[in-house]
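To start, the structure under review is shown below, and the notes come after it.
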Amino acid sequence: MIIGEQKRLEEISGMLDGHRGILIAGCRSCVAICLAGGEKEVAVMAESLRLISSLRGKGWEIEEAMVERQCEKEWVAELRPRIEGKDCVLSLACGVGAQTVQAMYPRVRVLPGLNTSNMGAPEESGIFVEKCGGCGDCVLHLTGGICPIARCAKSLLNGPCGGSQGGKCEVSPDTPCAWEEIYHSLESLGRLDLLEEPIPPKSWLPARDGGPRRIVRKEAVLTEEQKRLKGGKA
Amino acid sequence: MMRILAFCCERGPGEAIDLAGEKRMRYPADLTLIQVPCAGRVDVAHLLKAFREGADAVVLVGCLEGNCHHIYGNIEGRKKVDRAKQILDEVGLGGQRLEMFHVASNQPFRIAELAAEMASRVERLGPNPLAVKE
Amino acid sequence: MSDGGIGVFICSWGSGKDPKLDMDGLLSFASGIEGVALVKMIDRICSKPGQKEMIAAIKGSGTDRFVVVACSARTKRKLYRHIATSSGLHPLAFEVASVREQAAFVHEGPEAQRKAETLVRMAVEKVRLWVEPPFEEEMPALRNVAVLGDGLMAMAVANEIMAQGLTVDLVMSGGSPKGSPPYIFSNQDEMDRALRSMAEASSDPRMTTIKNASVLDFQGPPGDFGLVLDVAGEMVPLRCGAVVLAPEPRMELRTIDGSPAPSAQELIARGLRRIVILPSGASSGIGCSCMTPRGTLYALSLVDAAPGIEVSLMGREARAMDWMEGLQRLAQEKGIRFFRIDGEPKVEGHAPTVITWRDPLLGDMRLQADLLLLDTVLTPEVQSLAKAFDVPVDEKGELLSIDSRLRPGETVRKGVFAARFRVGNMLYEDMALEAGSVAARALEMLSMGTLEVGGAVAEVDQEKCSACLGCLRVCPYSAPMIGQAGKAEVRMELCQGCGACVALCPSRAIDIYCFSDSQIVAQSRAALGKVR
Amino acid sequence: MNRVAIIGGGVAGLSAAISLERRGVPSIIVEREEALGGLCGELGCKGVERCVRCDVCLARDMVAQARSSPLIERLGRAELRSVSGQPGDFRLAIRVGGQGHRLVRAAVIVCATGGEPFDAHLDKRLGYDELADVVTSLDLERQLSAEGRFLVPSTSAPPKKVAFILCVGSRDERFNTSYCSKACCKYSFKLAQGLRAIDPGCAITIFFMDWRLYDPRENVRAWASGDSGVRLVRSRPAEVLLGEDSRPEVRFASEKDAIVEVEAFDAVVLSVGLRPARSAAELARTLQVETDAHGFLRSPKGEPCASTRPGVFLAGTCRGPKEIVECVKDGAEAASKAIAFMGGVG
Amino acid sequence: MSARSGLERTLLGGKFAVTAEIGPPKSASAESVRRHAHEMKGSADAFNLTDNQTAMSRMSSIACAAVLIQEGLEPVVQMTCRDRNRIAMQSDILGASALGVRNVLCISGDHQTFGNMKEAKNVYDVDSVQELMILRKMRDEGRLWSGDELETAPELFLGAAANPFADPFEFRVTRLAKKVKAGADFIQTQSIYDMDRFERWMALVRARGLHEKVHILAGVMPLKSHKVALYMKNKVAGMMVPDTVVERLKSAKDAKEEGIRLCVEQIEHLRTIEGVKGVHIMAMAWEEKVPEIVKRAGLRP
């Protein structure tokens, strides 16, 4: 899932200066799961900002709203009555959500309440770890199901580097060395042979480096004629 | 004996089939027709599963574009056929064994035409290799 | 699955006359199929005695579904539903193997028999997996129609509906409409009679008129719609069984600078002698559309009132209808000239205005006019109606209802009907006919008092739905919606059972009754001889 | 007995029957031919992959709906002999095929007997009699309906050059048809689109006077300019003669320099207009309704589908030439008026 | 096979090679490089020039190499994968060989979070093994990685790093084999303190016959004090410093002298290990001691 964490209150209140009608919009999918933008987090953020507003006389009028999934136009459209009369929206969804709200309500300023971080999974309650770098050309079949692009600090394909010691990455003691894990995974899979052959340079075209990506599933795309025939909001 | 399976929209083409019957328009018995509410009802899995069940050729018969009783079910059907053809090519069975035909309710002769067309394709491409193995 | 077992009824006439099918062979074939509890040959199922015999057999056997092996399913579907209900079964608890049309009539001897057996096998395999669909008969159908539109078309629709004993709420976006109705009246009294009928209708007790209203919200199933109108800032709720959208263009003869066409006396007074009428078609600026009788009638009125006036009509086609054919000859006899143009004329200067264009036969032409009148069209505001009722609009700005196989007057949204106007060439009779047929569509839906809902419709398994909104986006009828639980729900009253959503759903959360995935697969396997 | 008798099983009659059935009103269709569908039922679909919106398949769809409804009784090979009784309780004497007469009681009569295509033999100059390759649009439609393609009669090869001549038997004083038949502009446009779709190698030339397409979305000029294989000539051909290579030659005044041109085509299609049915006068007498100047049954001004006699309603081309979709609307309107006449919702 | 560089000529001649390391300065002037050059001239076959070591910006390795060439020394250019993608890498190599550089050491490079600009964006388009593949293709096939032909192919003596002290130990030899397959001609190991582990590693190397396929130079680093030893042991990842070494420096009166003596002892021991073709002396910020170490270890006449 997409993992994000809240910006510091200081930064958020800095952004909110000069605004009066504020709507905090949370999201019920990924950011709720990583405890960044769910309904409770929206409530906590609302209370904290109301405290700041009364303590420092900011005069903010803060309202809370939830969206099922803030990256879907249909659901963000349901925010319309709540957004009427507000001059800014503090989105506690991931970056995608904030951008969707801004695209649908061009005259209302949308402020990012979260720093969207990565695609990962909860390791245990409260700890979320990056697992996938979205490089567009998966190599898990060569690395025993452990992604070196996302989980090796240097995205090496013929790791480990010289700095891996005690199973930890040189970058930080609590980051396991991906290649150490790859080695042990392939060992238990009995496929250490995969590490013999040097892997040639990777094409980064399908990755973010190739420019913003656009995935098209032709059989679900409505043709121009279908759109004309269907009409309505969709 | 060839096995050609046709998924047939019951509105337009379904009417054409009955009209073909009324007019005694002969077509090869290899063509077996399954009636579905609309060409858009059939999804890629049905088309591929038919080949796994031994069909030599599969046909999706929908109404003419712009004449769909369910607004644009036939365009949805066309998209599924294109996707399935792509997969059949990649798989090696050949997308030629799958085709979409458009038949209006007053074109009974098209049923015989499409049956003949698919029969000739099966002759050219040979029977479904899966069926032969069994 | 079927607990009471499947009944297979073979109609003796199903074999077709010349290439006889061996119906007894089919009988024994059917009895050999696992799960078939009863097999019976009946002489002419569609005859009265045939039906009685079949109903008795079903009741006696305790089977809860059956297969009919007979002629085409299409012509007898309603009959078989009647037999099912009379035997105490669900009206859709059957499948038909059309062995006559799809085997006896189209294949030769042994092949026909084998195909018939395959068809029977397919029908049995399909009905085996039949699941009782939701079938609510009693959806209410309010006998009140909301008609939206300002002009004559809306009024005519209202009249037709009231003539059939239903009540009407006429919702007008403005107060009184500008310009004149776009229809062509054969003479003045027909126009007066039409305007008079408009006045009478508005006083009819069965109609309430709401002026200056725009639609804020539109909810509810067909037969029980809930509208919320914004009437000069105030929110007015409105409940109705059906909605008819009847926007109407307005036509106006205008000068270039937009002022309405002067009367004959004014022309004489201002000494304007040479008048040219150009149907501009476009609502603004110079265009070139078809010469309509409207221009001819206005020219005739000018010439009658002031003989000295010289009138010329320009346009691409000479459009005339029924009785209007002779109109042009009458106009020519009175000295009115007609010019046919291909493409846009060039217009320069003011009093006199010089019009130049290229005539295919006569070459480059020049015409001087003291006054150029444009026959302009004021197309109605259709976008907001389309948005409010979720109905598509085509490039011509008309509420699309013809493009696909919808019947005239129907739109994609069940219960929402739309009258179509043809700009510039719609006779008053054409409009009355359009209004009548659109009203008829609405009445067909409401007149039975209840709406049959359910049957072969889609249903969402809430557990499996991942709320990807795919079904909302693909459904032509916008039947699926997102319920409270954040999961998809298919509104049974809107679903027409086309299955586009089922084919798209990534989580296989939606399936359709009577054409479920498992049924289609079972039929394919049976068709390919893969079932033991 | 609130049953409606519908004379004629064409598109208009079927539409009326279906509309009545949906409102719970039983009806009986008296059809002269064996099968339902009328003139429209004989026409062919002109689309290959794309529907050109000629609406011909409406007839087929409606026949299917009518045949599957228990509320609609159908009498094939049946002719209306006489009508007695008064509006609200008519008695119709009907001769049914070989089994003699049958008496039908009905509260209302809807006459949907339709019109007749203009007999092209009457216009000698267009050579329909002598030249095999000069066909009427109806012949072309029947071939499309049967095989989905058109072959030149004399050579039975697909044509490479086809001419359409519009307004044959319409807007023509000589045959007392000074009216515009409304439908031939549309169906000729659709036939041309059909031939282009079936064989893009077949060039089409259409000789026309005015384009009178009533559906605003039908833009024949845009279609023609976008398709190199189509040529629109605004000229009414004088005659069609046999060329040396035994192909029909059309003599017409060309648009550009108004001299007479002669051009040979593989086939010439005469777009025949609509005339009142031969039996229209006799039918009018039977139903005691008036006809208009051209011989069609007359609807009073401003009341579509009504006839001059209460309780008798008219639908379709029996009351004047019209397109297929308009006949469908006529059916619905006639059904509405019939139900209104029978006192409100059925 | 003709030697492509002085270092290669020494190694091919069977002579025990010596390489040292010069740290490029944080300065725009090459003055300190020239000074080191004069001090160390003749004391080693070739001199490594680190590439923004520990991810701290310093004078570019190739620029320093040019200066060394002017001073008559043979440079070993180090090229990390952290700062350049394959496009910049190949263009730098063409430039370097045009300036006379023949030895290149392909290394992944320290992660930028070690350096003084942690917020920088790293590259890592390719890793050290892939870098070897690219450079070998330029040398042997005369083509860029894209396949375009080069007018003149660079003559390169390709080196790679190896760290017997990083984990997983048993994989380290396989990784060395991978580098050899990718085109490494010589290897310079991490600085050695835990002699047993190095010897076990060399045994595995010999077992796979890698010591004949590639010239292995053992890395040593003289320690100025026991504090430096502790820093190396705890702060530098992939470095093993046994406690005995720390103890020895701590108890010594003159820590620096003890550091030098230890280094010399290590060199003498390393010369006895079969498969070790030379030694790489990394006297970072102590370059002036290299001639003395070389002399006391008897490496130079």
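By written order: A, B, C, D and E. Residues from 1 in each chain.
Everything that follows uses one rule, which is that a contact is a pair of C-beta atoms (placed from the backbone, for glycine too) under 8 Å apart; a residue touches a chain by one contact, two chains touch by 3 or more.
Treat the numbers as computed from the prediction; the structure is a model and nothing was measured.
Any chain that touches chain C and also touches chain E is listed here: A.
Steps from chain A to chain D, minimised over paths through touching chains, total 2.
Farthest from chain C, judged by the mean position of CA atoms in each chain, is E. Centroid distances built from C-alpha atoms place E farthest away from chain D.
Inter-chain spacing, taken between the CA centroids of chain B and chain D, is 34 Å. We define each chain's centre as the mean of its Cα atoms; on that basis chain A and chain B are separated by 44 Å. As a whole-number value, the distance joining the C-alpha centres of chain A and chain E reads 41 Å. Residues of chain B in contact with two or more other chains: 11-12, 15, 18, 63, 65-67, 71-72, 80.
Residue positions 219-220, 226, 229-230 of chain A are each in touch with at least two other chains.
Pairwise, the chains that touch each other are A-B, A-C, A-E, B-C, B-D, C-D. On chain C, the positions that touch chain D within their shared complex are 74-79, 82, 143, 160, 163-166, 186, 190, 193-194, 317-322, 325-326, 360-361, 394-396, 398, 402-403, 405, 407-409, 422-423, 425, 428-430, 432-434, 436-437, 439-441, 443-445, 447-448. Taken together, the chain D residues at the contact with chain B in this complex read 43-45, 47-51, 53, 56-57, 59-61, 64, 145-148. Taken together, the chain C residues at the contact with chain B in this complex read 72, 74-75, 98, 100-103, 105-108, 111-112, 114-115, 118-119, 122, 403-406, 412, 456, 474, 476-477, 496-500, 502-504, 512, 515, 517, 520-521, 523-525, 527-530. If you check the complex, the residues on chain A that touch chain E are 153-168, 170-172, 177, 180, 183-184, 192, 195-202, 204. Against chain C, in their complex, chain B makes its touches with residues 3, 5, 7, 11-12, 14-15, 17-18, 20-22, 24-27, 29, 32-34, 36-38, 40-43, 45-46, 49-50, 53-55, 63, 66-73, 76, 80.
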